[in-house]
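Next come the structures, one after another.
Shared between the two complexes below is chain A, which has chain B as its partner in the first and chain C in the second.
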Partner chain A sequence: MQDLAVLFKGNNFQRLMGGLGVTLELSLISVALSVVLGLAVGVLMTLKNPVIHALMRLWLETVRIVPQLVLLFLVYFGLAKTFNLQLSGEAAAVIVFTFWGAGEMGDLVRGAITSIPAHQRESAAALGLTKAQSWRYVLLPQAARRLIPQAINLATRMIKTTSLVMLIGVVEVLKVGSQIIDAARYDAPQAAVWIYAVVFFLYFFACWPISLAAGWLEKKWS
Partner chain B sequence: MEKTVLEIRNLTKRFDGAGVLNDISFSVREGEVIVIVGASGCGKSTLLRCINRLEQPDGGEILLDGKPVGGGDMVAVRRQIGMVFQSYDLFPHMDVLGNLSLGPVQALKRPKAEVEAEAKAALARVGLADKLHALPRQLSGGQKQRVALVRALLMHPRMLLLDEITAALDPEMVREVLNVVLDLARDGMTMLIVTHEMRFAEAVADRVIFLDGGHIAEEGAPDQFFHHPQTERARQFLNTFEFDSIKKS
Partner chain C sequence: MKKLFALVLVLALTLIPAALADAQARTLDEIKESGKLTIGVFSDKKPFGYVDENGEYQGYDVVFARRLAEDLGVELELVSVDAPNRVEYLTSAKVDIILANFTVTPERAEVVDFALPYMKVALGVVSPDSALISSLEELRGKTLIVSKGTTAETWFTANEPDVNLLKFDTYTETFNALLDGRGDALSTDNTEVLAWALENPGFTVGIETLGSLDTIAPAVQKGNESVLNYINEEIKALAAENFFHADYEATLKDVYGDAVNPDNLVVEGGVID
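Now for the complex of A and B:
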């Protein structure tokens, strides 16, 4: 138990919080970009154009099949080796997580839009609403209700997955945690358990409110 | 002689080459209630859906108050022709008041307070005064269809198209919906009704149109059609609703 004291040694705690800041910053930027791009991608996915359809399908399958870590290595090391383009780890992370998130988000948007029954569109039209009014008052509010719980779920998955970026040299919360543990290896051999437990709770408290919100919205709109 | 509200001339509709509606012509006078009957797949619903262009006809003309429908501004035409569907088509994310006021407020740009007052009064007339703030999922099927009727009426349409509005209802709820339609008929609402409720059709119709294979096979007063059908197809069709001559064993 006294090994937990490592957490408050020197500026360890501030460093851990700084790492959490990096994690949340990367997540927030990637999630925000994914939502914006995903909305556009989702609308593209509902189009019947076969070329667009094939491209979107390829993108979605790629981000689903290829592990995020492989994508991170490809962008971070691959670009450097092949095109002599040395991105920062953070930039590579944002690119990969946005590439993944926008694809997944696009599919969620597509699902939300196409799951609205055709007769909703027809009754809005029969009521004399214009196309724009139908979307604004009838179709989009219903799509949003289906979308938001799933989008929140995606956001928590993205936050968790940012822990992979320590492998391309980004010092986020998990990396700071291991640095603290390594530095205290001889003074406090049991620190690993405690520091990782703290990291566990940091992730938990970052994602839990979001999960709660998802559950609450799901219940409210079911 | 009353004014003609709707005139249909030589309407034709094909799906994948197969004729669903062939050369349909008839007109609807102001205040007239026309019931369209026929076997499943005879084109009844397609006919209604062509009138407000939820389906695109392949030929013929439709005139509303003498003006051709189609080509240009369908939105304006749809505001004058109310339609209620078989499926419960209320907007599930809005309460009853929201459903009722959306069209008049957004499409017709009428003042919200005025529309809501009218909605309340109209809802009370169909026996749903206490459901103003209920969500559609809290209503029974019959209640939903009454709200859907009121929603169409609040647009002050020239006429109503009712597409099998009781077909998805439990039998005990059919009556409460049909009573509303009967009231509308008495008030002089012009209506084109597709239904499988033959007794109701006989009660509410000024004229019956029997569709068979995309043609108007027979047309006439309800008394004549239901009791002295002229064509063999109509006789066969009406017989499918009779169980008098059938005994178990």
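Now for the complex of A and C:
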């Protein structure tokens, strides 16, 4: 029990919650930006223009192939070294996660749009809807429904991957956990199990509501 | 959409003018002028640099960091660094000084400038009592846990190809891996393993000194002479009050107990005898 007590020693618990706050803040900003940008990117990806197509392809392959940690180091240390562009760790994290999220989200949006049968577009045109109207009332609403499961998957993956930002100096929930474990490592060497268990539940309760909301939306729309 | 566009525009306007030259570390005068000294320390490596239960930085390195800022008459900002990114923090001018138990090696000296040493160490190897490893021969063919970017990783890679290395990013992970039995032994600085073994019954440091005797020193960006000189002058001046012995008493003694003679670890005035 002495090991569990570490969690409530001093203001350890508040610090852990503060760390969770950092994790959630970075995730929410990045996911929100990714969804907004991803919708636009997805529409761009469906265009036939070869230049845009090549650019989008390049973006998507970059975020798929380059590990997020490398992107974080490039933006945080690389930009500082090459252009003396000193970003805070938080800003670098949001940029990298949005770059990644918007690219992947765009591809999901593209997939959802192209999966809508051609007759939907044709029927919309036959009804006299303009191009913008058919996007707004026919194509995007249907695409959104097909998008939800994969978008949720992406969002939870982004939340979990934010633990990498500790390597660019941002103290988020996992790093706080690591600090607490280390500070107690002589007095309560087994505290690691408890602290990691708590961190596990914190991640769980961060991601679970998103899954619930997705389930609710799917049911509502089906 | 309008708001987002405005945000992107503001971001671009603030960032582009900054994109000019190399990341040049701040000189001593610039630090004084800003009123703040930024030092990179460990935040999960007790007893050198760690965060206590009240969220305050503590440890042997941190005590020295506080003194450096105090004597300069500026505020201190501590930044949490990890072993693999210590050099990056200096080369990209994210911090003024690294005081994170940084062992001096020729390779590192090519990319950063080291000040006078304030500690000395060798490598140590800790293993469970049930399968104690007490010589280098016994270690060959076994799995050794090391932390990425440390002297232990470099030394074993260069000198002992027959030892299988299992590498982790952070110190916490390496010690947890040993506890979980994912490797046969763990190697890092002897100070570190001695302290850890003392608190973890069932584990013993079978090899107390390995490799060459290394020194631990503060580091600054290559060519940042004004800050380097300031640290060196401080280290020399602090010898008069036996500062690092007092620092040892305050931060390390509890951890090493009476088994370790402080003169074997502490370097006063930058002089190695």
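Quick notes on this one:
In the analysis below, the second predicted complex is superposed on the first by the 213 of 222 C-alpha atoms of A that agree within 3 Å, B and C clash if a C-alpha of one lies under 4 Å from a C-alpha of the other, contacts with A are read in each partner's own complex, and residues count from 1 in each chain.
Quick note on the criterion: a residue touches a chain if its C-beta (ideal position, glycine included) is under 8 Å from a C-beta of that chain, and two chains touch if they have at least 3 such contacts.
Note that the coordinates shown come from a computational prediction; the quantities given were computed from them, not determined experimentally.
Annotation: superposed three-chain arrangement on chain A; chain B versus chain C shows no clash, the two fitting side by side. Using C-alpha centres, the superposed arrangement gives chain A a vertex angle toward chain B and chain C of 160 degrees, stated as a multiple of 10. By the touch criterion defined above, A:Ser123 reaches chain B but does not reach chain C.
After overlaying the two complexes on the shared chain, residue contacts for A:Phe77 are found with chain C alone; chain B is out of touch. Legend: residue contacts after superposition of the two complexes on their common chain; A:Arg110 is shown touching neither chain B nor chain C.
When both complexes are overlaid on chain A, the residue A:Val138 reaches chain B alone and has no touch with chain C. In the overlay built on the shared chain, the residue A:Arg146 is in contact with neither chain B nor chain C.
With both complexes superposed, C is the one of chain B and chain C in contact with more chain A residues.
After overlaying the two complexes on the shared chain, residue contacts for A:Lys9 are found with chain C alone; chain B is out of touch.
Nowhere in the superposition do the C-alpha atoms of chain B and chain C come closer than 26 Å.
The residues of chain A shared by its contacts with chain B and with chain C come to none at all. For chain C in complex with chain A, the touching residues are 1, 4, 15, 18-24, 43-46, 50-55, 79-82, 84-85, 88-89, 91-94, 169-172, 175-176, 179, 195-196, 198-200, 255. Looking at the complex, you find that chain B touches chain A at residues 52, 54, 75-76, 78-80, 82-83, 85, 87, 89-93, 102-103, 106-108, 151-152, 155.
Note for the complex: chain A touches chain B at residues 117, 119-120, 122-130, 133, 137-138, 141-142, 145, 221. Residues 6, 9-12, 15, 33, 36, 73, 76-78, 80-86, 166-169, 171, 175, 178-187, 189, 192 of chain A are the ones that touch chain C when the two sit in their complex.
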